[in-house]
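As structure tokens, here come the structures.
Each of the next two complexes has chain A plus one more chain, namely chain B in the first and chain C in the second.
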Partner chain A sequence: MPSNRVVVIGAGPTGLEAARLAAELGSPVTLIEKKDVPGGMPIHADYAALTHHFRDASEAMAEMIDAVTSNDLIDIRTGTEVTAVDGEAGAFTVGLAANGSSESVDAGAIILATGFQHFDPGRETQQYQYYELPDVVTIADAEKMIKSGSFVTPSTGKTPERVAFIQCVGSRDRQIGNEYCSKVCCGISSKQAIEIRQMVPDARVFIFYIDMRMYGYWENEIYWPAQEEHKVNYIKGIITEILPKGGRLVVRGEDTTMGRPMEVEMDVVILAVGMEPSEGTTAMSGILNLPTNKYGFVETAHDILDTVTTTVPGIFAAGAAVGPADLDDSIASAGAAAAKAVSLIRSAGVPV
Partner chain B sequence: MTVTSPPSQFTALPGGGIAHGSYADVPYEDKLALWEEVKADARFPDYMYGCYECGICVAACPSARFYDFSPRKIAQAAAREDVELVFEQMNDDVWNCSQCFSCNRCPRQNSPGGLITLLREVAVRNGLTTAKDALEGYGRVVYKIMTTGTQISPDMLQPDAFPDWGPDVEKTSDNLELWRRALPPETLHTTEMSWQVSDETLIELYLIWLHSDVMDMIEQADEGLHMIILDVMEETLEDAGYEV
Partner chain C sequence: MGRDVSPKVDPSAVMEHETYELEGVDISGHWNRMFEQRVIFDYDVAQLDRVTDLAGGESMGWCYQCSQCIGVCPVDHVGDYGPRKIFRKLQVGMDFFQSDDLWLCTTCGNCLRVCPKEVDMLKIMPAARKEAVLEGHVPAELQDVFEKTARYGNPLGKNPKRRVAWTKGLDVEVPIIADLDRKVDVLWWVSDYPSYHPRGMEASRSLARVLTKLGIDFAILGAEERHDGDSMLRAGEEGLFEMLAEQNIETLNKYEFDVLLTTDPHAFNAFLHEYPQRGGTYNVMHYSRFLADRIDDLGLSEEVLGTVTFHDPCYLGRQNGEYDAPRDLIEALPGAEFVEMWRNKENGYCCGGGGGGMWLDGKAAEHQTMRLSEKRVIEAVETGADTLCVVCPYEVSRFEDAVKSTNNDGALEVRDISELLAAAMGLPTD
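Up next is the complex of A and B:
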């Protein structure tokens, strides 16, 4: 059945924005979320402050969620999964399952916004003994600690004196299979380094990196202040291994600037893990018959000049489902996807 | 897995950065005090913002072409506040800089050359042996400038008068005119041209040096030289009617 409805899959920042805008443009929207609450990664992974303006993540997401739940044109379905999609552009039927019961909704267009998951440093290679050493954590773990308001050495509960970030964990790595840059980790590590320096002013914070990729205003708003005002130490050179020693961690690497090997003690080591396609992105690309690239992200049809149109007419993808993306990128592509979805419905002659 | 025998020189240092120091016999507290003195200088914040390793300072640096010297390493060590590394540089690297400030083209607006000025001043003020050694060959220049207000001019260069200027001084003085013409800028000033400085200017210069702790620094670097300059200049001051 031809429909003027837009179905948005995933209620993270991208899905929320796509739903809000599609409704604002006049289409009824069904917003599907597998989890019981909307908000996506910033909510489910307990993000503290957003990069790069340090805005409180809960507060920002509450605003996005309010905009969707207060709109009568948007039907938000949490705890719901998409099980099947039939039909064609302008007249899809989307099968849904929730609490053991199933139903279907008609849709003129579909927007996939299923996002990413954090790289698991324990998978396959046991990088940096992440599963073995309690004081080796990821930026996702660190974010939770920062949000809790207390940054401590996990094994002792004590205030750390020396904290190290290791960049590009699970990104830019042929052996792992993720050759891409995850875009946001440099900014997030620098943001967290600033937060840790504020929470634990006596701690020395080091960031071991390959390149600091601080594009646009991240340079002057995060990177330079981290160095100049918050005295975060950036050392060019990646840590090869972390070893426990006398209750502390020894990190080994090369201080490439000085051309010397280094072996330094730390209390906490934070792995700047990158992005991988989420389980939802993998599952939905299968159900929607969307081709993925070799890394599992959804491939768009027209590359850089149209970042949201997929090879399946009527189905659009936005945010981190199509590749590593920061919030700015995600929100922008959500808007583009919503506009294109509504535009397609209108051009099919279905009144919106 | 545990570390059984890490190379001792690479172990973490008290409160320090990540570098080992080549001066293990000097207590960390002493090194820290020197670094604090550098940081306390009012010029420091204008010389050190942050460094992202672009290397433009090294590319612009004439000394980097001839010595194992990198203004980038100076800036990095300061940015990291790596006390051990800074102390090492204060004793060694800083004396390879010609203070031309080509490194000031830094896009972060750092001044590695300015940092070196501060590091040298602290080294001299605290009488580091390496500073004394580095300045040893400049005693004559300092003496000349501080007692006459002017410098050694090329036509004064004579092998028998300047043995401390090394084995090439004879070759240089023999072909002096040719050497000078080979230099790009006009540097043919001699004792016959724009060389004489008036007593008034000399005294003014000396009083500036006296009151801005330059004389104290010379005393730290070379006590004998300090005594000679003091003798000569006190006489000049008395002749000019100053009470010494």
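Up next is the complex of A and C:
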């Protein structure tokens, strides 16, 4: 059945923004979220402050969620999964399942906003012993600690004296298969380094990197203040291995700009894990018959000049479902997807 | 008896050496690092904090290792040095205040020119050296100069009464302002090397003749003049600088004059940037600018044959933006051909004399394959020039020594612009 409805799959920042804008443009929207609460990764992974403006993540997400729940044109379905999609542009039928019951919704266009998941460093990069050493954590783990208001050495519960970040874990790696840069980890690590220095002023924080990728304003808003005001130490050269020694962790690698091996004790090591396609992105690309690239992210049809149109007419993808993206990128692509979805419905002659 | 396998080298005692002799064999060079502890076992960043906590030292912590500074650091051209490297050594725990790295910088400012993060060695070095001076970690040769300057008012340790010796027997009159008891148009701040050093004295005599020929109403302070203090400040002796500045301002404020004419770019820099905040504000001009403004009145008629190249003093050029005046004067010399050196103007290569370097040749020699002045003289010779023109009194002696030590005696003459102008004006130049 032809429909003027837009179905948005995924209620993270991208999906929330796409739903809000499509409704503002006049389309009824069904926003589908597999989890029981909307908000996506910032909520489910307990983000503390958003990169790059340090805005409280819960507060920012509450604002986005309010904008959606307060709009009568938006029907938000949490705890709901998409099981099937039939039809064509202007007249899709989307099968939904929730609490053991199923139904279908008509849609003129579909926006996929199923996002990413954090790389699991225990799975591939065994040299860091993420599963074995309690004081080796990821930036996702660190974010939870920062949000809890207490940053400690996990094994002892004590305040750490030295904290090291290791960049590019699970990214830029041919052996792992994730050859891309995950874009946000340098900024998030630096943001967390600032937060740790503020929470534990006596702790020394080190960031071991290949190259710091602080594009645009992240350079002056995060990287420079981290180094200049918060005295975070950036050292070029990635740690090769982490070894437990006397209750602490010894990180071993090369200090490349000194041209010397280094072997320094740390209390906590934070792995700056990158992005991979989420389970939702993988599952939905199958159901929607969307081609993915070799990394599993959804491929868009027109490359850099149109980042949201997929190869299937009427289906758009936005945010980190398409590839590594920061919040700014995700919000921008959500807007583009909403505009294109509503535009398609209008051009099909369905009154909006 | 087995052979003696006890270590010849105590590993704990042997660190990184730029020059090292082992059992009579010179093993200088990077490969001697095999004898040192290479592994970094700690990042004692407290040493970096000690520097960045200093007023003026803050920007030492801003380095992001782009390494543009190293490309232009004059010391790295003849050694292993520069802001990027200092930053890393501090992160690895170097005690800057007891390190030779504290004394190799000439504050030439070329690193700051290219630094995207504005890591400012012109502020960092004086601030850190001041701490070392307070802690008593000063190279002996520099300490000697501090003491001479405090005692005699000049770094050469000469008798203040002999400041006017260069005017004796001169064919033109060089009045002392105290004797004139009236306002003069130009008070000439002669400075120490032009007053005491034999080659400096020759340049001063030439400048006196040039000023006289121009009909300038000028006078000097004579025995009342003291060291301007600028290089003492860059070398970390802030107390000495303050004392000199106070005495000099007191002296200068006794007299009336329109222009304070300096021979020395370092004095020019001090009068321009340091003295005003301490109550001494003057219409200060470097003699190259003063003469360039009167180029048509100089009456340059005699041919000065040959090819002339020019060395930019850091404290005239890069620090204070004056590149044209000396060049205009050289270009106006009849018969002379002007050629630029490879590195010139904003990228001029330092002579090694600034920031206390004038009195740290011994310390520099421990870490450099050659003096900066020698490197510069080689560049000057490479241009094909037979004359190296200078406008800074630190340079005549530095470069003349370098001409000899690089075996270029007879190939290159070092001349102050005053001497070249005097010759072109048909005046004596001895």
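Assume the second predicted complex is superposed on the first by the 349 of 352 C-alpha atoms of A that agree within 3 Å, B and C clash if a C-alpha of one lies under 4 Å from a C-alpha of the other, contacts with A are read in each partner's own complex, and residues count from 1 in each chain.
One rule holds for everything that comes next: contacts are C-beta pairs under 8 Å (C-beta built on N, C-alpha and C of every residue); 3 or more make two chains touch, one makes a residue touch a chain.
What you are looking at is a predicted structure, and each value in this text was computed from that prediction instead of being measured.
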Chain C versus chain B on the shared chain A, clash or fit after superposition: clash
Which of chain B and chain C A:T292 touches, first, second, both or neither: neither
First, second, both or neither for A:P244, with chain B first and chain C second: first
First (chain B), second (chain C), both or neither touched by A:N71: neither
First (chain B), second (chain C), both or neither touched by A:T159: neither
First, second, both or neither for A:V264, with chain B first and chain C second: both
Which superposed partner A:T93 touches (first chain B, second chain C, both, neither): neither
Chain B collision site on chain C, chosen from 188-196, 296-304 or 314-322, when both complexes are overlaid on chain A: 188-196
Common interface positions of chain A, toward chain B and toward chain C: 204, 206, 212, 223-224, 227-228, 231, 233-236, 255, 257-258, 260-265
Partner chain B, residues of chain A touching it in the complex: 162, 204, 206, 212, 223-224, 227-228, 231, 233-236, 243-245, 250, 255, 257-258, 260-265
In the complex with chain A, residue positions of chain B that touch it: 1-3, 6-7, 10-12, 15, 17-20, 49-53, 72-73, 76-77, 79-81, 85, 108
Chain C residues touching chain A - in the complex, by the definition given at the top: 38-43, 45, 49, 52, 58, 61-62, 64-65, 84, 88, 91-92, 117
Chain A residues within the chain C interface of the complex: 204, 206, 212, 223-224, 227-228, 231, 233-236, 255, 257-258, 260-265
